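Letters A, B, C, D, E and F mark the chains in the order given here, with residues in each chain numbered from 1 onward.
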Amino acid sequence: MNKPSCVWLDELSTQEAAKAAADGTVVIFPVGSVEEHGAHLPLCTDSIQSEYIAVEVAKKTGCLLAPAFRHGICNAGHNFPGTISIEFDTLFMVARDVLSELVRNGFCRIIVLTGHAGSSHMTALKLAAQEIIRRKTSDAARKPRIMVLSDYDFADELSEQLGFPKGDGHAGAIETSRVMAIRPDLIKGKGEKCFPNLPRFEVVSDPERYFPCGVMGDPTAASKDKGKAMNEYIVEQVAHLVEELKKD
Amino acid sequence: MNKPSCVWLDELSTQEAAKAAADGTVVIFPVGSVEEHGAHLPLCTDSIQSEYIAVEVAKKTGCLLAPAFRHGICNAGHNFPGTISIEFDTLFMVARDVLSELVRNGFCRIIVLTGHAGSSHMTALKLAAQEIIRRKTSDAARKPRIMVLSDYDFADELSEQLGFPKGDGHAGAIETSRVMAIRPDLIKGKGEKCFPNLPRFEVVSDPERYFPCGVMGDPTAASKDKGKAMNEYIVEQVAHLVEELKKD
Amino acid sequence: MNKPSCVWLDELSTQEAAKAAADGTVVIFPVGSVEEHGAHLPLCTDSIQSEYIAVEVAKKTGCLLAPAFRHGICNAGHNFPGTISIEFDTLFMVARDVLSELVRNGFCRIIVLTGHAGSSHMTALKLAAQEIIRRKTSDAARKPRIMVLSDYDFADELSEQLGFPKGDGHAGAIETSRVMAIRPDLIKGKGEKCFPNLPRFEVVSDPERYFPCGVMGDPTAASKDKGKAMNEYIVEQVAHLVEELKKD
Amino acid sequence: MNKPSCVWLDELSTQEAAKAAADGTVVIFPVGSVEEHGAHLPLCTDSIQSEYIAVEVAKKTGCLLAPAFRHGICNAGHNFPGTISIEFDTLFMVARDVLSELVRNGFCRIIVLTGHAGSSHMTALKLAAQEIIRRKTSDAARKPRIMVLSDYDFADELSEQLGFPKGDGHAGAIETSRVMAIRPDLIKGKGEKCFPNLPRFEVVSDPERYFPCGVMGDPTAASKDKGKAMNEYIVEQVAHLVEELKKD
Amino acid sequence: MNKPSCVWLDELSTQEAAKAAADGTVVIFPVGSVEEHGAHLPLCTDSIQSEYIAVEVAKKTGCLLAPAFRHGICNAGHNFPGTISIEFDTLFMVARDVLSELVRNGFCRIIVLTGHAGSSHMTALKLAAQEIIRRKTSDAARKPRIMVLSDYDFADELSEQLGFPKGDGHAGAIETSRVMAIRPDLIKGKGEKCFPNLPRFEVVSDPERYFPCGVMGDPTAASKDKGKAMNEYIVEQVAHLVEELKKD
Amino acid sequence: MNKPSCVWLDELSTQEAAKAAADGTVVIFPVGSVEEHGAHLPLCTDSIQSEYIAVEVAKKTGCLLAPAFRHGICNAGHNFPGTISIEFDTLFMVARDVLSELVRNGFCRIIVLTGHAGSSHMTALKLAAQEIIRRKTSDAARKPRIMVLSDYDFADELSEQLGFPKGDGHAGAIETSRVMAIRPDLIKGKGEKCFPNLPRFEVVSDPERYFPCGVMGDPTAASKDKGKAMNEYIVEQVAHLVEELKKD
């Protein structure tokens, strides 16, 4: 396995995978969504961000990537055309099975990195990790360690410093900037500014009523350079996590 | 959406997706697996075959591709290093959710195209399609039509004509040839010939015992040209199915 | 237990069952269906075939029969009058529970013999067997061995030799012949010839549209003698499997 | 369908079944168990009693019998050799599917008659019936009516009059007498008298500790004539229920 | 924990709970229902009876009470205004989780005491106890003991002696008397006498049709003194069970 | 129903409940947990806070309270003595059933108010509400509106103004202050200050390792007066929500 460009676990052969597991290689499992992101961004917006970060981190740290899962639980964007939202149990089971099999293979240091960060979506991923972590293991076996995070956990840290608008969110300036830096060919326009007032506590069946343009933020304030800076920062942070997992 | 190269549904914006659905665009949902395929082929062997076919068919027919799902139910290869096998219910639920959401979006002509073709795997996909097909729909709604097939349903038709060995199967001459034509960079050697006698009826927990090299067939008989011919034939056949679905 | 005619496990007393298990007796679990089989055959056509085979094999080999389960998953015949189709999960759970309890009793050599052979039906039975086989057992315990097959796995082998029509299937010449030999009193007429073109890949909600008479084959070509020959052949083959299981 | 001996629904053809449903024929679904019944009775003791009653009622009233389900939930007899106890959900699902399909077929007057009468077992059957009964039906459809009972609901009524011992129960005088009248060939001895004190409220994992002989009652007090009288009484009572269902 | 008035487990601190578990303290888990009880009794009638008994037993014996669960499975009262009936699986899971966690905490002597006593409701509680009891435990661990009962198991014993009407049941003389003694402020009138003929075997979707007043018995025959006597008797009996569990 | 003190829905009779539903009465469903809260607070800390708020809001606004559910999903406190943590599915099902039955009763304006606010716990409650909200209803039926919130959604708003320490959380100054104001008799000491560094992303099986005293914050900074002020503020805020729901 001296091809440094081979970052995807499933591009390895069975023998190469066995060796990578024996070497204690960290694995990132990128998760995304198929969800409307306004008129200016593609449905895969969440997916390509986490996958981009994962690939860059893999190049930098030598970790591997499990095949990406591009479907997520979409609550706010649930009823928009193009959204493919999966059930809570479905996401839980996919994550549980993938994590379980990685651990069976001996890949015991794993990061689930999701570009979509809704609370149900995050909970499903965390509960899946929890199930794996809590499983009884034989004494000889290496105890698995699993992190679950969104690249937006880091994006939010840098948002103010880069001058992004307050309250920027779904399909807003940050997401647009990041996609401009990752896949400029998928930018379909400038987007529409919208800072919606979604109900604070009420669980509604028609959230789209509150942001019919599908945007929460100001995509017109986006900039490719800022997106690039943001992406680089996140890559650096996730790479730190990989290094932390390598240590123990 | 006049970019002919945009074949992936999730690279569209929400508005573009709405238009594509209104236009009656056929959607292919490619499914694969992460499964050992001998020492000479990558774990993604099943995935890249169905995805390649799907992309070529999309280019040819103007249909769209739902994001690929690269995990499958692996029985024979279950215990080999690198295999990530998911539960029956997990595959069923992913397929059911994706099909359900495509239909909700108005994409009512769908082909599930899987590169992995184990019987449990196929059953899970077919039962998911069945659940969607059997759902009561309002009279006004367009009744969905869903096909479920493996590219190997067609590959087997041409096998003899192209001179492939009899009994060739998993990681054998055909798969190796096809991967040689699709992703030559992922070929890791010549492979080992093996025509195993798996138990005909017994359900065993250690099928790897019967083909420790992970091959069922003769990969040394592979040829890139034959793989190309095979791929072209399958593209043509699946394209026919898309045209059939377009008609009604 | 010197009554050779006692082939049904549940006609034993608890003590007799304990002894049979301790003796390593093989158990066959016959499964059938309640499904339309044209105007000339009864709904229990699948059930009586596998049960007949099982009884004859038991007489020949001394194995025992778990009480038959006469319900199956019927896809093609799903909507015909008289069909009682059960859910995938239901069949899976019945088979899992029965196998699990047989193994708990010490019956560790089991054949699931089904007269119905649809792919969902077979998959449910195989997955149930797989769950039992994969269970961790203590080192002292005898590891269970389970075979899952349809009597039609053998019937098809002899079909050409006995001169049955090509493409003969559901309620066709073979099934009719076999029922003529087993329960002639249940033959209700000559039946109607029909070689339907069911959709090759499409999962449809109204398969009956393609064979309204409920037949796939030519029941008019049936013969009691051929049915008898076929049954005898299958008994012989299944008896071989029992002997194989007895050995180890 | 002028063969009066044809009492089993699945011995009909699809057309005959359609006619029977259109005629409003009542269907009995016999349920049993595979459970230890002392040294003197077979494991199928519960099954053969309910099936015998069902057959006799069918002969008398012209109702039909769905194929019997011979597996039940066994709590007290759970750990004895020979017992095959299924899970609560399994029994529920089998009953739900069978009832659902009977109703789909137009068989809307149904009696579930179980020879095993444990409280979990009865609850599973009743909940299944409840699910079917509560389903929304179109206005045009005939509303289903379902009864769930054990033949022991009636047996207990006559017990004192026939002079059976007080507190007689599982594998005791009544069961033994009834089996003597139904299948004398399956009587394996006189049985052992035992009136155990099972814990009144405690849920225990080893109930067999309290009645190691597997009997609760006095089988030595059994008599074929009394069994016959009991069976006749129950046949009469269940026949009344069928007549009641026929009326409306 | 020298406050004798502290009978509720969840009023303890974590340290106090640890000590109570180490001391082998018995825990009662009171379960009730929200179900119509005629015009004269509150919906919480079942809940306050079992909770009252539990509190008095705790004062008397030093056992502790897990927080009460006030929702049950209501079949007969299902469709009345005010009833909140939960699904079978829901009650099972709540009971299983609470019992499982109590045992994890070291509380291994538990009584589930329910004021509602419908057969589905009781079965759900017993199956939950059974699951916990049957779990494999390490040899060192104390094997849990769990009792499941209704206060009406004892109430019925004393009914005749106290002169309550025969056939008295739901919202009748006994329940009314007991509530008069426990929470006289919740008595809303004298109630209406009704001895309904519910179908003996038929599972109906509208049981309220048979007792539109919501009463099965004669609440006008209620007396606070009798209620008090009844309550005291039940407290005494349940206290005996606690003492029995303390011993071993 | 002119007894203003009757705030609990299940203290009503069936007729009173019918009237309250017809009057459009808002219902609050209080949810809590049984979770360690340091050495100084009881396990019911979460429960008594939400129940206190709910009772006060009911007194103020005339809304009703469904019986409280005192069990929650506890991740951080999972392994401490005394914690009774339930499964995700269990909480979901309880909330779904209770909400479903409230809506069936005609109570279509509901607030789920939880004192425990972990993310899995909140997600389970929100998904339950979502399932009810998304259900198809007949046109005539009143569409339900459901809010899901924690009293801590409001507590955090006032925290700084009342001078509570930054980063105060579980069993810290705010919770301690509030319990001092609600149930001073349950305060068991001053508590221990602890601002733990829990892993930011890693899902761990032993979170207690990071805060062995069970506290996240500074309970020694608690004050009954501040707790009272906090409680009053939350009551006011939740009362506003009730009024908002009353309007439409």
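Couple of notes before you dig in:
Keep this in mind: a contact is a pair of C-beta atoms (placed from the backbone, for glycine too) under 8 Å apart; a residue touches a chain by one contact, two chains touch by 3 or more.
Everything numeric here is computed off the predicted structure, so don't read it as measured data.
Counting hops only between chains that touch, subunit C reaches subunit E in a minimum of 2. The pair D-E is the one among A-B, D-E or E-F whose contacts match those of B-C for more than half of the residue pairs. Distances between chain centres, each the mean of the C-alpha atoms, put E farthest from subunit B.
Averaged C-alpha coordinates put the centre of subunit A at 48 Å from the centre of subunit C.
Averaged C-alpha coordinates put the centre of subunit C at 25 Å from the centre of subunit D. Mean C-alpha position of subunit A lies 31 Å from that of subunit F.
Those residues of subunit E in touch with two or more other chains do not exist in this structure. Chain contact topology: the protein chains form a single closed ring, every chain touching exactly two others.
From subunit A, with the walk directed at subunit F, the chains encountered around the ring are A, F, E, D, C, B. Put simply, subunit F touches subunit E in their complex at residues 8-18, 21, 34, 36-44, 47, 66-71, 80-87, 89-90, 93-94, 96-98, 101-102, 105-106, 186, 188, 214.
Subunit F makes touch with subunit A in their complex at residues 75, 88, 111, 119-120, 122-123, 126-127, 129-130, 133-134, 145-149, 153, 199-205, 241.
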